[in-house]
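Note that subunit A is present in both complexes that follow, paired respectively with subunit B and with subunit C.
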Partner chain A sequence: MIYLTHTPKNGVPMQTKLVSSLALLAVATSAIGALGRPAATAGTISGHVTYTGTPPKMRPIDMAKEPSCAKQHSTPVMTESVVTGPANALGNVVVYISAGAQSSAPPKEAVRYDQKGCEYIPHVAVLQVGQPMGIYNDDQTSHNIHPLAKVNPEWNKSQPPGSPPIKATYDKPEFIAVKCNVHPWMHGTFAVLTTDHHALSAQDGTFSLEGLPPGKYTVTAWHERFGTQTQEVTVGGGKAATADFVFKALPY
Partner chain B sequence: MNRILLGAWAAGFGLLLSGVGVRATQAQTVAHVGNLTGNVAAGKQDYRRYCVGCHGPGGDGLGENALWIDPKPRDFTAAVFKCRSTPTGTLPTDEDLYHSVSRGFVTTNMPAWDPLTRQTRVDLVAYIKTFSPKWRTEGPGNPITVPAEPPATAENILHGRQLFQKLECWKCHGSAGHGDGPSASTLTDSKDNPIRPYNFASGSRFKCGETNQDLYRIFMTGLDGTPMPSFADVVRPADAWDLVHFLRTMQPLPTREAAIWHAWLPAHAGQLKPLGPAEGAQ
Partner chain C sequence: MGKLFAVIVAVITVISATIFMTRIWWLPTDISVLGVGIDRQMSETMISAGVLFVVSQLVLALFVWQYGDRGDGRPIKIFPGGAAPMVLFATILVGAEIVVLSLVGTKVWAGIFLSAPDPKALRIDVQAEQFAFYFRYPGRDGKFGTLHPDLIDDGNNNFFGLDPANDTTARDDIVSASLAIPVNQPILLTLHAKDVGHAFYVPELRIQQDFVPGLVIPLHFTATKVVKKEIVCTQLCGLGHYNMRAYMEVMPENQFVQWMEDQAAQQ
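Let's turn to the complex of A and B:
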């Protein structure tokens, strides 16, 4: 299963490509869903993210201090800063085109960020500069949402139960650590990028960047504990290119 | 004298002096408080005399005394400030910085600098603003509106008490306001240094002032860089005043609000549900 966090570009030359891509449409829809990029010449960069070494063990979170959240979980929630799968797969890695892609207007669809059961869902929210974001409190307790931005403004807002969603946008690219001061185990990331060509690796380490016209791209992979890597990747017309990343795991 | 005159001239007309380099960028960060205009060059001299020991020559809060200071000195390069009249996530006004310098920060090593002349303090504000490029790319936020304060009554103090429960102020500040709530021991500032919530029982003034208006601003703007969030989006102005009036009763001070509350309380104490995590508390 491939989890894509990007949304199709609005107003991509869908109609002009429609006729030539009719034959591919059936394949495309089954592969990337009805709203995928249908451009016949567009290629894909897919790959697999793994680690070497020994990653830190994720620990169970004790939510006893917040009974309204604790009772939502039948088994303890685990910390999520390093999410791994079988065969050294590494999840929650933000993979994106950092150079080579044409810039596009930010999507109008808001990225949804939930506080539910005293967890951030998703743990890593990927959005584009200027793209709206809605932050929801689905719990019966107050959260304060405190994105620790350094380049962008640092704000900190309380959100009691039943409050309307907090709307936010960011003007500059930045990986922003997010925390709730009331519930110190809550940690997340806003990955604010200048591109909408982005994906988040699934727990099995796979990712896929679609809709890329032929060309040379710089692909960057970011992990919240293990740092950043880049690769140069060339996409040929209609072909699939591969970019695998291997992170060196730090045990702490 | 010569240097001060030159500095003042350069600060005011810096745009004309783009060839002079550094002076030109500093000129964009002059400060205005009342009828006074801050002078960056003079501010630098005073900063290196009074401030550098803790805040450091680069303004990053890493002065030679910083190691022994808790809470840590402010890092001006981050341009994140606790005491503002402006919304969370925005820069403070020059007046806000001026008041912070003048007032000092209770329960920290930052003294009140009101023995310095007003002009010196405005010069320092102008110089502090040279440490972050944010002062050149963003203006200060628009100060929040603080509506006229309604008179305190037992009813609105009681409502403020309900808000203290509902907004979960007690999670950090404790059910009796002693700064000992269940989350208090885990709190860290934005640089991961431990930080304490305000203890109302200390009777000390607040970090950002001492008036009811200051108290209103503290929870409506939040103290940026600390765990204290802004409640501006979730508390209506009238409700905010009720909370202010209740918070005043938690201080061991002969406040107007405490007098009203303690006159009302003996006959009604039985009706009050306990504050804090108790089941069904309201």
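Let's turn to the complex of A and C:
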């Protein structure tokens, strides 16, 4: 607040004039703010997932028993349970808000899960409770997808080539291991979460959770082999918060 | 009508015997040491059964032609002595043939299933599961690691349930989805099933062996040609049984040694 000491000309003190202009400005700004939150004021939690120690070696998958899939790969396909990147980055880590966020209705947009070249793509599919999922067989061979749910109902379904996609939804949060009853090497995960604030760390380990109102949140990071970790993060209005996770890797 | 039937029987007999004699559809070329004996036994069986078949069918055709009911009341010839001696004659004739074939065939059978394997045979552990075969070699230390079924993790290529973290003999075990073997060397497979019954069948080797859950079954052979052949599951094991196969690659010795080194580097 700037205080002006000399007497103004028009009879209204300069002080008052300045204060009232500033007040007007403040009211106008908050009025604009109240009309609709611009993206800049919603917070982001971003971070980096890395590991210490020696991760296990990924092994080449031999698809000789399924020639129609084997010939789709010019280089051997590797197992994907541990995806690493430069500088000890860890990919395929599911990072999500486990507490502090308001619940929201599941998106109507279906998550797509492909069986292509006798692999599950993506290796980790993240979806929300109640969100639809479409499972597609893009191969020349039959698959029999078998999500090994323990909390949700367990099912498996055969899908000959050319079948329509299987529609699936899950009603309870769970990390579900997925296998194919016909091809033993196929393996994936459905990460069924209660929140739509989730991200999958990229191969360089980075992730970003956006659209978070200011508040205190619990962020959970889950990795298929190395376990689960949580952190408390506070998001201030309009500022980006960070949360880094370091997992302990073992060679076997 | 009876004469027509006699002609048809004779024609069918000649055609089917010809198909077998000319070997239009026959077994694939055998590639194993004991295959020669099996094929010879197969031929002996086919010839002896075939001769009896042709003779009996042609005699049937002849009798039908000759003695078919002509509606004029003449009696039909009867086997000397009646029905009982006829049945006895047929039983002895066919029975004797079966017994002779079995006795002659036991030697070949015993060579595969009842004789001890060569003590220097290359040992390969075979696991059959729904719906693939996996093969395990002992690795540089020459020892197989212990199997822990609770550690089986197909998605991470640990099909056998090895524990390399705690079991050093398991660390160098080579696990492969293909059966690679050196040519002209005795091989000893130990077959075990992870879940239900399966079977191991390579037609070119002339051997087939069931996997029985709970048993570890030895199977030995020596391959004599450098080839790549299919191993198929011949025991219905579930919805993927039609798709259950692996490939056997018989390699020259030096190529096999190279293959083992490449595999060891990947484990």
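Operating definition for what follows: the second predicted complex is superposed on the first by the 212 of 252 C-alpha atoms of A that agree within 3 Å, B and C clash if a C-alpha of one lies under 4 Å from a C-alpha of the other, contacts with A are read in each partner's own complex, and residues count from 1 in each chain.
Note that in this section a contact is a pair of C-beta atoms (placed from the backbone, for glycine too) under 8 Å apart; a residue touches a chain by one contact, two chains touch by 3 or more.
Here the structure is a predicted model, which means the values were calculated and not measured.
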- Message: Given the alignment on subunit A, is it a clash or a fit between subunit B and subunit C?
- Response: clash
- Please name the chain, subunit B or subunit C, that touches the greater number of residues in subunit A. C
- Message: Looking at A:182 after the superposition, I want to know if it touches subunit B, subunit C, both of them or none. Which is it: first, second, both, neither?
- Response: both
- Message: Once chain A of both complexes is superposed, is A:144 in touch with subunit B (first), subunit C (second), both, or neither?
- Response: both
- Which partner does A:153 reach: the first (subunit B), the second (subunit C), both, or neither? first
- Query: If you stack the two complexes on chain A, which partner ends up touching A:163: first (subunit B), second (subunit C), both, or neither?
  - Reply: first
- First (subunit B), second (subunit C), both or neither touched by A:252: second
- In the superposed arrangement, which partner chain does A:81 touch: subunit B (first), subunit C (second), both, or neither? second
- Query: So, A:218: does it touch subunit B (first), subunit C (second), both, or neither?
  - Reply: neither
- Message: Going by the contact rule set out at the top, does A:61 touch subunit B (first), subunit C (second), both, or neither?
- Response: second
- Hey, what residues of subunit A end up touching subunit B and subunit C alike? 65, 141-142, 144, 158, 181-184
- Residue ranges of subunit A touching subunit B (in the complex, touch as defined): 65, 141-142, 144-146, 148, 150, 153-160, 163-164, 166, 181-184
- Query: Across the complex, what residues on subunit C touch subunit A?
  - Reply: 129-133, 154-157, 159, 163-165, 176-178, 238-240, 243-247, 266-267
- Task: Would you tell me which residues of subunit B are touching subunit A in their complex?
- Result: 78, 80, 87-90, 138, 166-168, 171-172, 182-183, 186-188, 190, 222, 224-234
- Note on the structure: Counting only contacts in the complex, subunit A reaches subunit C at residues 56-57, 59-66, 79, 81, 141-142, 144, 158, 177, 179, 181-188, 250-252
